[in-house]
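What follows is subunit A paired twice: with subunit B in the first complex and subunit C in the second.
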Partner chain A sequence: MRAAKVLLFVAWIAVLAATPFFADNNIVRTAIMLAMYSVLAYSWNFIGGFTGYPSFATAAFFGLGCYAGAIVEHAGVPMALAWIAATVFVALFAAVLGAIVLRLRGHYFAIGSIAIVEVCRLVVSSWSSLTGGGNGLNVPLLMWHPNTVAMFFLYVMLGLLAIVFAITVFVDNHRLGFGLKCIRQNEDAADMVGVNTTRYKVIAFVLSAFLCGTAGAVYASWVGYIDPTDSFQILLTVKVPVMTLLGGAGTVLGPAIGTAAFVVLEEFFWANFLSWNRAILGLIIVFLIFFLPGGLLNTSFRRVVRRLRGRESAGASA
Partner chain B sequence: MDFAQILANGVVLGALYACLAVGFSLVWGVLNVINMLHGSFIILGGYLTYFAWQMFGIHPLIMLPIVAAFLFVVGYALQAIFINKVVTAPVLVTLTLTFGLDMILYNLMTVYFSATPRQVTLGLGSIQLFGVYLPVVRLLGMALALLLTGLLYVTLRGSRIGRAIVAVRMDRSAAALMGIRVNRIYAITFGIGALMAGAAGALFAMVFPITTNLSGVFLGKAFVVCVIGGLGSVPGALVGGLALGIIESFSGVLLGPQHALTVGFLVMLLLLIVRPTGLVGVKGYE
Partner chain C sequence: MSDYLRLENVSKTFGGIRAVNDVSFALKQGEIVGLIGPNGAGKTTLVNVITGVHPASLGRVIFQGEEVTRQKPFQAARRGLARTFQIVQPFPEMTVLDNVAAGALFGGSPEGLAEAREHAHRHLAFVGLDPIADQPAASLTLPNRKRLELAKSLAMNPKVLMLDEVNAGLNTGEIDTALDLIRRISERGITILLIEHLMKVVMSVSQRLLVLHHGALIAEGEPQKVVNDQHVVEAYLGEKFAKRLKEMGHA
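Up next is the complex of A and B:
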């Protein structure tokens, strides 16, 4: 079963990796975005899926990664080193922050994590001497052929995705994953039977952060320009959990499936209903909550069909 | 600027913040739902007031109860149709659902109303009291905000519905055993939350230019006020609102206006960690 899941995932990466050879630039761009969102969704899965903490801090980690990478690269450090620097910075940030905010639970944790995104965005936009403030920051672009550049960033993102997937499989089969699932079900009971909840939660929080930092830094190098509103989007912070929930939170393949479904839907609606794009995303969320509460992987589709039919017949009789 | 002026500005702002946040706080305290729609409700209230004033010349003070009643209906319907179905689900689900609903409402507003900043200009001039300049509109806004917040307090304390809401907040199952229809109380509470948001929006439209892009900002203020003051109680929202108004006013002068918002959020994070029940909150709302 585990081998089948890994095989499926490898096949999916292979499909994405092959896009530059048979598809146009727009598809390749979508593939890069898909890989990036998958990295974010898998990362969120550690804290939101396995541990069950409603974290909305993803955008903070991503944005800080963007800025850390861009600032270091701006100072003349080679690109790969800048990415590593961003990763380390975001991991440290998450470790320190996690030790503080993970004492909160439920609604307070959710609000606290949203506030972290806002504070990061506000600090970055007002610290103009370092970050360029609201004017944003330019990152040196790669001077290769555009197609080569796109291919390069696609493979980097897919590399990150492979790393985060490997960590997910490892955590899922390791006592760490078991402990995190215990915390999700009942934190006090987990504490009582000897799970070091504080340590486990901080580890999950750092796992959920550090690759977001890398992905942010890589994104900054790819697009060449970042600004505070783009890097710290509150929309991103909700989108990523929605992608994971769409696939199935706390599962090994869920984030990949959810992200793929979401990105395809989003691209389609962007292309066809530009001014209604946000409302349609909202409708997807409402549909998800009511009809696919466990995500695509955990839903019995018979029940969904029955429910939809039930609706229709009830509507007809009324 | 002297001390009294900064304080007065802070208090005026704070009263508006209290009115803005009290509905959000009530919904959070009673339903245990973080209502991400709150910011858009405020904007909707403000826009309806503005358009009634601009197109039909209806005075904002006449429009205020109409807008509030309309938003009550909207809130009641949203709760009864959608949110009641998942009201006992974990915070991730309810928050995501209200966020999805907010995206729909936000999109509708940007398409039909556009995001242009709009403000009702009544031109009432300003007065000077003990060396402090105060525009009359702001004083009026403050007075109405306090009046509305006080009305909500009296309703919760005195009326049958109010007592039922408080009972459900204290213990949902015990309230159900006493014959209170919990789902209906939830819908009424959500309606009241939307009503207060609409009224606050009408007041804001008289004092500041508002635009759809501000919905996130208003929502952020509601978070901060709730955490500073404590959840689910009217006095909590009042204390939190006034505290935030005064903090913003002073930090705006001392550190520059661009940092006022950051300071508010930092105070909130600090309080979350040190004293999650808020300044006047009650323990037990997790």
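Up next is the complex of A and C:
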């Protein structure tokens, strides 16, 4: 069972990795975004899925990663080192912050985590001497052939995706994951059977953050220019949980499936009904809440079909 | 034998309410001690104080010679202070087996998940839930949820087990089984603090009784003596019950 999931995932990575060889630039660009969103969704899965804490802090981790990477790279540090620096910085940030906000539960935690995004954005836009403020920041671009550059960033993002997936599989099968699931279902009971809930939650929060930081830094190097509105998008902070929930929160394949489904839908609507793009997110949220509360992976489609049939036959006999 | 778990002048206040008021007592290793008292007397609060859920406002809790007054619940669990919840607290979507495995994995000696599940089967068999090990905990009836609480806390390999009304809602036949379980747990050397409204249960297994009333300990000692104590009769049992108990004793 576990082997089958890993195989499916590897196949998916292989498909994305092959895009530069058969598809146009636009598809490769989509593949990079897909890989990046998958990294964010898998990251969110640790805190929102396994642990059941509805975090909206993804955009803060991503944005801080963008800026940490860009600033360090701007100062002349080699790109790969800048990415590592951004990762470490965001991990530390999440550890310190987690110890504070994870005292909150439920709605309070959700609101607190949104506030983090806003505070980060404000700090970054007002600290112009370091961040360039609203003018944004340029990052040295790679001077290779555009196709090579795209391929390079695709493989970096896929590498991050492989790492976050490996951590997910590990967590899912070890006491950490078991403890996180206990916390999700009943935090008081988890405490009472001996789970160090504070420590476990902080670990989950850091896991949900650090690769968002890396992804942010890589993104900054890829696009070559960042500004506060682009880096700390509230939209991003909503999208990522929706992607994970769409696939199935707390599962090993859910984030990949949800992200793929979401990005495909988004691209399709983007191409065909440009002005309706935002409405789709809303529609998906409504659809999720009413029809797929457990996500695509946790839904018994047989039962849905049976229920529909039952209704049909009842309707026919009436 | 020396004191195993000792409370020294423990008080707990919630806002203005003094739920536990200057309580001192000690449990010896392997004892079964009944804790009785009317609704709202502070019995559950006392368990919460001992396990660190609501640390004492005043006084000290000492376990195996170590002061543990300020411990966190997970630390209490790892030290071997296990409890069942009066209002049951399962992990609802997990199987019955995994609920108990959680107790073994985190509260018991550290071991892998597979081994924890093995242990869990043993504890489930002990309380009679093994046939439904694969059902989600949310599907259980209340008496079975109480048994699940018991199995979960046993899996934590406890030294002191605090049973907060685990027998509520059981019928007469089931009560006999429960009594048997409690005796067998005690035979393993586990100290038991038994909170119970069913006097039949308390009287038949307790070696000692503690009586709590308005947060204060009003009587302590041999069960037969305690239930004949005038204060206890007035506060908790009522005259009628005391008389019936006396008749039972003479019969």
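Odds and ends about this structure:
We take it that the second predicted complex is superposed on the first by the 301 of 318 C-alpha atoms of A that agree within 3 Å, B and C clash if a C-alpha of one lies under 4 Å from a C-alpha of the other, contacts with A are read in each partner's own complex, and residues count from 1 in each chain.
One rule holds in what follows: a residue touches a chain if its C-beta (ideal position, glycine included) is under 8 Å from a C-beta of that chain, and two chains touch if they have at least 3 such contacts.
In this text the structure is predicted, and so the values were computed from the model without any measurement.
Using the contact criterion defined above for the overlaid structures, shared-chain residue A:193 touches subunit C, although it does not reach subunit B. By the document's definition of touching, neither partner reaches A:261: not subunit B, not subunit C. Look at A:238: by the touch rule set out above, it reaches subunit B but stays clear of subunit C. By the touch criterion stated above, A:179 is placed in contact with subunit C alone, subunit B being left untouched. Of the two partner chains placed by the overlay, neither subunit B nor subunit C lies in contact with A:33. By the touch criterion stated above, A:283 is placed in contact with subunit B alone, subunit C being left untouched. Here subunit B and subunit C are compared by how many residues of subunit A each touches, and B touches more. The intersection of subunit A residues touching subunit B with those touching subunit C, taken from the two complexes, is empty.
On the subunit C side of its complex with subunit A, the touching residues are 51, 53, 72-74, 77-78, 83, 85, 89-94, 98, 101-103, 105-108, 112-113, 152, 156.
By the touch criterion given at the top, residues 48, 52, 54, 100-101, 103-108, 110-112, 114-116, 118-119, 122-123, 125-126, 234, 238, 241-242, 245, 275-279, 281-286, 288-290, 293 of subunit A touch subunit B in their complex. On the subunit B side of its complex with subunit A, the touching residues are 28, 32, 34, 82, 85-86, 89-93, 95-97, 99-104, 106-108, 110-111, 216, 220, 223-224, 227, 258-259, 261-262, 265-266, 268-269, 272-273, 276, 285-286.
On subunit A, the positions that touch subunit C within their shared complex are 173-175, 178-179, 181-182, 185-186, 188-197.
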